[in-house]
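The data blocks that follow each hold one structure.
Heads up, the next two complexes both have chain A, just with different partners, chain B and then chain C.
Moving on, here comes the complex of A and B:
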């Protein structure tokens, strides 16, 4: 400990600090320092990184992932305006969106009304399917994805997702399942668009980090 | 703090272990000594869980006063979706744990997922969980597994334990949150 007086202590050994184990009396500068060092107890481990309210855009992108191992992406009233029934998807990039490499093995189950289908692929190139959509704002998708290892250069990125939809037929439906991006890279860009043809997106999307204190 | 996740326990494997326990008080794997002790819903995340030997399985049990309940009272229903073979609907009555599937020995052949915990603190109700995970086997094959389970014993449970069906769990990062 570099300071002889710290955390309200003077003339004694200064206790080490750690999240959930802070001891002493703290002034604001000390709290700020401990926050920077991730050693200050803070509750509320679901932390909003960014919300994007998209209206008629060709793609939605997040480029700030913070320092998290697990992320939550929510989407509300996400729709497209062209292309027929199909999947808005999400791809990952490690160079700011300049390039997108690799495949996305995936295993999903989908329902439209009372009809259920498996969606499966060992090498799907079009990204993580995050919902099925029609071509109108009345045919949106609402749901969420959990993303694991998004910024870890040594690991694949894994995604589980679930959404409720009203696809092209207007019948209520759902889709859930898992995806892997089998390229180990530190992603710094996440793009959501309709990759099959040109279409504009409308909807509200939020990216959260789930904080872990080690 | 309303509307929040509150981290209550966290453990990262540094050397292979046969079990990992979140919660469970002083019997837990971390030094936190936390036990589930409120009626809130709890949520566990786990990442990069792989084994020392290919094909081994880290099944899940619940703890009672820190000790894993290994009695044959675990029921579950689940859907396993696989990238090539499609889906398999599975279920078990009166098992000694909640199941998952075998995986490999690297992070590329591991599992990532979440478990939600309900009624754990109630001594007069069953303990319920739902789980959602992606598992990559040693082949590798990619599985989505989505299920629900219940421990059909009216007792309070205070933690979650991952237990290797054989051998040890080589790696994994586990965090437990209270949903408030």
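Moving on, here comes the complex of A and C:
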């Protein structure tokens, strides 16, 4: 701080500042400095990292996760153009997408038309199912995933997920439940793809971080 | 970008029998998101929750719960209760440091004319993936000001909680 007094105080007992505990009167330069130091109270802790508007691409990838423990991934009107009724899935990589380890257990509930199913696997080979899709833009999936510990090299990555789907021929469906990637690694790449066979994806996806404070 | 998820308060504890976040619910919000971002327990245990009012933790038999437990290698099961003393099994902790998560939405806690409801999704690793999807209610129309977490057995080795308000 270039001035001898801070935050409207002078002398030696100047309060220390922290987000949600700011004390004093602030001039714009002080506010800017505290914002830079992440010590200024600011509301809006769901922070958009990136939005991707995909149109006929073979895969969608996010490679910036910021500094968050919890992420929210939303997708709307996400569809594929081939492969029949199937699942678009998500895999994690710690080397920028060069390689993907397995170990994706899941425990889900699913509805398709008038039927309900339990879907469980100790190691689903296609990663985290985020939704179920038909073969047309009129058969999309809409939903969200919460991702935990995505970049923590000491913990498994967990995902809770819920989606509203149109698997095929206009039949309605939904999937919700839990997923994990039981390889403790600092992921730096997330790829969403139709892993069963080749198909192109169209839709809008956004990745958010939820900011935490001590 | 300012969004309507607004941080209110956090709490953390190590080696404690329970962990509370006090004075986190107010008239400023109707709906809250509660995240448990770090969770490890001294022994395998369900994580239970109670609410807090002006007199302290609400321990009466005033809770109802309906929770589905989804397991990656076994049949699913249910935890249900009416007139029970806590909402039991909103998540699961164990001695491994592999991580676990709890994500709850709490409705109308500070409204003295409404019951306090919650929905819950959580994950844990027990040698298999174990997920919880549930609902719960504290069925007294009263002003709730905080929330209390505790394991069904043992202690909380590590726990960190973040509480956010969802601005309408």
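Heads up, the rule we're going with is that the second predicted complex is superposed on the first by the 207 of 214 C-alpha atoms of A that agree within 3 Å, B and C clash if a C-alpha of one lies under 4 Å from a C-alpha of the other, contacts with A are read in each partner's own complex, and residues count from 1 in each chain.
Quick note on the criterion: contacts are C-beta pairs under 8 Å (C-beta built on N, C-alpha and C of every residue); 3 or more make two chains touch, one makes a residue touch a chain.
Since we're looking at a predicted model, the values are computed, not measured.
Chemist: Clash or fit: how do chain B and chain C relate after the overlay on chain A?
Modeler: clash
Chemist: Examine A:55 and indicate which partner it touches, taking first as chain B and second as chain C; both and neither are also allowed.
Modeler: In the superposition, A:55 contacts neither chain B nor chain C.
Chemist: What is the contact status of A:114 with respect to chain B (first) and chain C (second): first, second, both, or neither?
Modeler: Neither partner.
Chemist: Please indicate which partner A:36 is in contact with in the superposed arrangement: first for chain B, second for chain C, both, or neither.
Modeler: neither
Chemist: Quick check for you: in the superposed arrangement, does A:99 touch first (chain B), second (chain C), both or neither?
Modeler: A:99 sits against neither chain B nor chain C.
Chemist: Using the superposition on chain A described above, determine whether A:212 touches chain B (first), chain C (second), both, or neither.
Modeler: Once the two structures are laid over each other on A, A:212 reaches both partners.
Chemist: What is the shared patch of chain A, the residues that chain B and chain C both contact?
Modeler: Overlap of chain B and chain C footprints on chain A: residues 20, 43-46, 69-70, 105-109, 118, 120-122, 146, 148-149, 154-156, 158-160, 176-180, 182, 184, 210-214.
Chemist: Please give the residue numbers of chain B that touch chain A in the complex, ascending.
Modeler: So the residues of chain B in touch with chain A come to 1, 4-7, 10, 12, 32, 45, 47-48, 79, 81-87, 107-108, 112-114, 132-134, 136, 142-144, 146, 173, 175, 177.
Chemist: Show me the residue ranges of chain C that touch chain A in the complex, using the header's touch definition.
Modeler: 1-7, 10, 12, 35, 37, 68, 70-76, 97-101, 103, 121-125, 128-131, 133, 162, 164, 167
Chemist: Report the residues of chain A in contact with chain B in the complex, numbered from low to high.
Modeler: Residues 20, 43-46, 69-70, 105-109, 118, 120-122, 146, 148-149, 154-156, 158-160, 162, 176-180, 182, 184, 210-214.
Chemist: Note which residues of chain A are touching chain C in the complex, please.
Modeler: 19-20, 42-48, 69-70, 105-109, 118, 120-122, 146, 148-149, 152, 154-156, 158-160, 176-180, 182, 184, 210-214
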